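For reference, chains read A, B, C and D in written order, and residue numbers begin at 1 within each chain.
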Amino acid sequence: MAFAHNIPFISIMMTILAGVISLLTGKDKAARICLGTLTAVALLSALLFAYLWQTGTSFTFSMGHFPAPWGNELQAGLFEALMALTFTVVMILSLVAGRERVVADIAPARQGLYYLLCSLLTCSLLALVYTNDIFTAYVFVEINTLAACGIVAAKDTGETVTATIRYLIMSLLGSGLILIAISLLYAITGHLLMNDLLGSMTELAASGDYAMPCMVIMLFLAIGLAIKSALFPFHTWLPAAHGSATAASSAILSGVVLKGYIILLLKIFYRVFGLSFAHDLRVADLLFVFGLLGMIMGSIFAVREKNLKRMLAYSSVAQVGYIFMGIGLSTAIGMVAACFHILAHAITKPLLFLAADGLMDVSGHSKNIFNMQGAGRRNILAGIAFTVGALSMIGIPMFSGFVSKFYFVQGSFQNPDKMLATLIVLALSTVLNAMYYLPVLVTLYLGNDENSPYRHRKSANSRNYKKAMVAFILLNFILGMFYEPVIKALEQGLLML
Amino acid sequence: MMEFHLFTNYVEIAAVILFSIGFSTLLFHQNLMKKIIGFNIMDTAIFLFLAAKGYIAGRMAPILVEGANDPSLYINPVPSALVLTGIVVSVSVTAFALALVLRLYERYGTLHLDEILYLTRGEHD
Amino acid sequence: MIIFEGLLLIFLIVCAVAVALTRQLWQAIIIFMSYSLVMSVVWVFLQAPDLAVTEAAVGAGITSILFFLALKRINAMQTGKKGGKGK
Amino acid sequence: MELNPVEIRLLRRFRKMYMVTAFLVSLAMTAVLLLTVFNLPAFGKAGNPAENEVIGRYIEKGLEETGAVNIVAAVILDYRAFDTLGETLVLFTALVAVLMLLKDEAGVFNRRYRERSKFEPEKDQIFRSVAGMLIPCLLVFSIYIIVNGHLSAGGGFAGGAILGATLVLYNIAYGLEKARGFINEKNFLRFITAALLFYSVVKGYSFFTGGNHLPSVIPLGFPGSIFSGGLILPLNITVGIVVACVVYGAFCLFNRGGL
C-alpha cells in the first residue's frame, strides 16, 4: 500500500498531537508547533493531491482493524485533497499575517491556548473533509463549533463574548437538528457509513418507503448545516462574530470554518442521498431560494454598514448565498462552480479581513470607514491587497471571483427553470457588490486625510504579514488566471465523491 | 409496504415532544441559563429517541452472558455507543456555555440576552 | 410496565415544560436534575445500563454540579455588585 | 439608556409577537416530528432496519475480536474508536476553552468577591467526617467502574465522572490547600496531557496498523477476566483520568478562577 494512502490519517493525528502538546508549552512555542504542523500537513496534502491527480483514483483507509461497516473509515479523492490543501494553506497564511494582531488583542496567558484551539480546529476540519461516517462527522462538527467559538472569545471584550454566545446558541440549534436527523436516518436505514447509506437510500427511493422521514431528514440536515454556515435567514450570528473577533480569527472563520460545513453538506448530497434523490426531495430548491435571497440581502446589509469588518462579514453572507445557489442549481456545472467559489472565497475573504486590519492599523484602530480617509496611501500593501480582494469579490476578470461567476452563469444555462432568476440575481448582486466595495476603495485612495490625526502614521507591519499578504494576492491571481486545472480537478473529484 | 404506527412508538413520541420543548427553550427563552438547560433537554431527548430505536422487546442488554453470542438474544448496541458519545459532547458544550455566561454576567450583571444585546449596542464604533 | 413507563415519560415532559416556565433559576436546575435521573431510569427500562450509569453520573451529576457552581458564582457577583455600586 | 413610552409600547408589542411566533414555530416543529415518528419502524420490534449485519457481527464476533464482554465498550473503544477519540477531544477542547475564559490570572475575581463568597470551607466537623468516610468508598467504586468497563456497564466516562466528583468533594471538605498537595495546576496540566497523548498514540498505533493491514501485537487476554480486552482496559483508564481531570478542572475554574 502506498505511503500516500496514510496521509489523511497522518494529517489528522498530527494536528491532534500538536493540539494536545501545546497545553504544556509557552505561547511562542505553541504558535510554532501549530504553524509547523500546519505546514507539514499542507505539504502532505499537496503530495496527496499530486498522487491522486496522477493515479486518477480515490481510496479508503480503515481506522482500525475492522473493515468499513464495522469500523470507522476515511475516504480521500481529488476533491477532499484539494479542500484539505486549501484549508491548511489559508489557515497558515491567516495565522502568520494575523500574528501581530493576536499579540495585541489577546492576553498573553491566552495566546498559547489560542494556537492550541487553532490546531484542534484544523484537526476537526480535516476530519470533516475526510470522514466517511456520518456520526464521526457529527462529533467533529462539535469540536469545530467549540474551537471556533473559543477563538472568537479569545479576544476578551464584551462585544466578542456576546457575539460568541449568540454564535454558540445558533450553532447548538444547528447541531441539534443535525443530530436528530442522523438518529432518524439510523432508525430507517440502520447504517452510519455513507456508502451503505447511499445503498439504502437508493432502495428507499425506488420503493417509495419512508418518503416523509426522508424528506424531514434531508430538510433538517440542510437547515442544520445552513445555520452553521450562515445561509441567509439563519445568518444573524455571523456579523457580530466575524466583525468583532481578532483579525486572524475573522479570516479563519470566514475563509475556512463556514466552508467545512458546506463540504459536509455536499458529501451528504452526493454520498448519502445521491444527487437524483436529493433533487426529488426538493430541498435543493429551498437552498436555491435561500441562496438567491442571501445574495441580495447580504449585499443590502453590507451597503448600509459603516463598520468595515461588519461590512466584510455581511459580504460573507452574500458569498455563502452564491455557494448555496450553485448547489441549488442541481446541475453538474453549478456544483463545480459552487466548489470553485468555496476555494475563491476561502482565499479572498481572509485577504480582505487581514487587509482591513492593516488599514485600521494606520487609522487609529477605528473600524469606521469614514476614519480611513487615505489609509490606502499610508499602508500601500494593505491597500493593494484590499483592492485585489474587492475586485475579486465584485467579479472583475483576471481575479478568482470572476471565474466562479462565469461558471455559475454556465451552470444556470443547464437548468432552464432556474436560469432567469439566477441571471437576474447574479447581475443585481454584482451591482450591489460594486456599490459597497467601490466607495470604500474611493475613501481609501482619494479620501482627504489632511485633518486626520493619523496622516503621518506609517504602516508598521512585520515582514511576515507582508509575505503572507503577497502570497494571498498571488494565489488570487493564480486561481483567477490558471483556473482550468482546478476546474478539471474539481470535476473529477466530484465524480469520485 | 408502509405502516402507520400511531401509538406503538410512544417512547419516540415523548422524545420528539421533549426535543421540540428543548429546541424552543434554546431558541426563544431569553434567560441564558434557561437556554442552556433547554439545550440539555434537547440533547437528552435525542438520546432517548436513539435508545428507543435500539430497544428490542424481550431481549437483554448487550453484555454477553456466559459467552452466548447469538444476535437474537441481545438488543442493538450501536445506539448505546452513539448516545455515550453524545452525552459527553453535551456536557462539554454545557461547561463552555456556562463559562461564557459567567463572563457575560461579570461584565453586564444580567442573564437576559436582550438586555445584554442592548448594553453592547453602544460599544462598537 | 407500560403504564409505569408512560408515567415516567409524562413526568419527563412535565419537567421539561416546568424548566421553561419557572421563575427561579435554582428551581429550574433542580427540576432538570430530577429530569436527568428519571431519564436514566427510562434507559434502564430500555435495556441500556451503560447509558443509565453514564447519564446518572455525567448528566445528572456533573451537569448539575456545573449549573450550581455557575449559579453560586452569579449570586456571589450579584451581592458583590449591589454592595459596590448601584448601577 | 432610558426608554420613552412609545418605545416601551413597541417593545411590549414586539414581545407579544415574539411569544406568538415562538409558540407557532414550536407547534409546527412538533407536528412535523410527530408525523415523522408515526411513519417510523415500530418501537421494540425485532427485524427493524436498524437490526442488520453490522450488529450481527458485533455480537457474534465481538468477544473473539476485541476480548470485551460488554459489547458497548467494544464498539466505542475498538470498532468505532475514532468517534471516541473525537469525543475525548471535545472534552479537551471544552476544558481549554473554559480555561481560557475563566482563568483568573490577576486574581480580580478573588479580590473583589472574597469577603462575600468563601472559597475555604468552614470548619464543619460533621461534614468532614462524613466526607472522610465517603471519599474512600467513592474512590474504590469509581476505580471498580473504570477497570470493569469491558466486563459490565459503566466504563471510563461514568467512572471518570465519579472520580472527578470525589476529587471535588475532597476539595470542598478539606480545602484548597490540602487538595493542592496532590493536584496543583502544573500537575493537572501534565496529567491530562500525558493521558491524552497516551490515548492518541495508542489509538494512532491501532489505526495505523489497521489501515495498513498489519497485524497488531497486543494480546487480547482471557475473556471475562480483568486483564482482557486488549487495549480496552488501558484506554478506559486513560479516558477515566481525562474525564476526572476535566471535571475537577472545571470545578476549580468555575469556583475560583484557578486551580
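In the analysis below, a contact is a pair of C-beta atoms (placed from the backbone, for glycine too) under 8 Å apart; a residue touches a chain by one contact, two chains touch by 3 or more.
Values in this document were obtained by computation on a predicted structure and should not be read as measured data.
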item	value
Shared interface partners, meaning chains that touch chain A and chain D	B
Centroid-based (C-alpha) most distant chain relative to chain A	C
Result of counting contacting C-beta pairs for B-D and B-C, higher pair	B-D
Chain B and chain C, separation of their C-alpha mean positions in angstrom	12
For chain A paired with chain C, centre-to-centre distance based on mean C-alpha positions, whole Å	37
Distance from chain D to chain C - Cα centre to Cα centre, in angstrom	17
Contacts with 2+ other chains: residues of chain B	2, 10-11, 17, 19, 21-24, 27, 52-55, 59, 61, 63, 78-80, 82, 84-85, 87-89, 91-93, 95-96, 98, 100-103, 106
Where chain D touches two or more other chains, by residue	33, 36, 39-41, 48, 50-51, 54-55, 58, 70, 72, 80, 83, 86-87, 90, 93-94, 97, 101, 153, 155, 157, 250, 254
Numbers and ranges of chain A residues touching at least 2 other chains	135, 139, 142, 146, 149-150, 153, 180, 186-187, 210
Those chain pairs that satisfy the touch definition	A-B, A-D, B-C, B-D, C-D
In the complex, chain B residues that touch chain A	1-2, 19, 22-23, 26-27, 32, 35, 39, 42-43, 46, 49-50, 53, 78-79, 82, 85-86, 89, 92-93, 96-97, 100-101, 103-104, 107-108, 113, 116-117, 119-120, 123-125
Chain D contact footprint on chain A (complex, rising order)	1, 5-6, 9, 13, 16-17, 19-21, 23-24, 61-66, 69-72, 107, 109-110, 113-114, 116-117, 120, 123, 127, 133, 135-136, 139-140, 142-143, 146-147, 149-150, 153-154, 180, 184, 186-191, 200, 210, 212-213, 216
Chain D contact footprint on chain C (complex, rising order)	49-50, 52-54, 56-58, 61-62, 65-66, 69-70, 72-73, 75-77, 79-80, 83
In the complex, chain B residues that touch chain D	2-6, 8-13, 16-17, 19-21, 23-24, 27-28, 52-57, 59, 61-64, 67, 69-74, 76-82, 84-85, 87-89, 91-93, 95-96, 98-100, 102-103, 106
Touch list for chain A against partner chain B, complex	135, 139, 142, 145-146, 149-150, 153, 156-159, 161-162, 164-166, 168-169, 172-173, 176, 179-180, 183, 186-187, 192, 209-210, 243-244, 307, 366-368
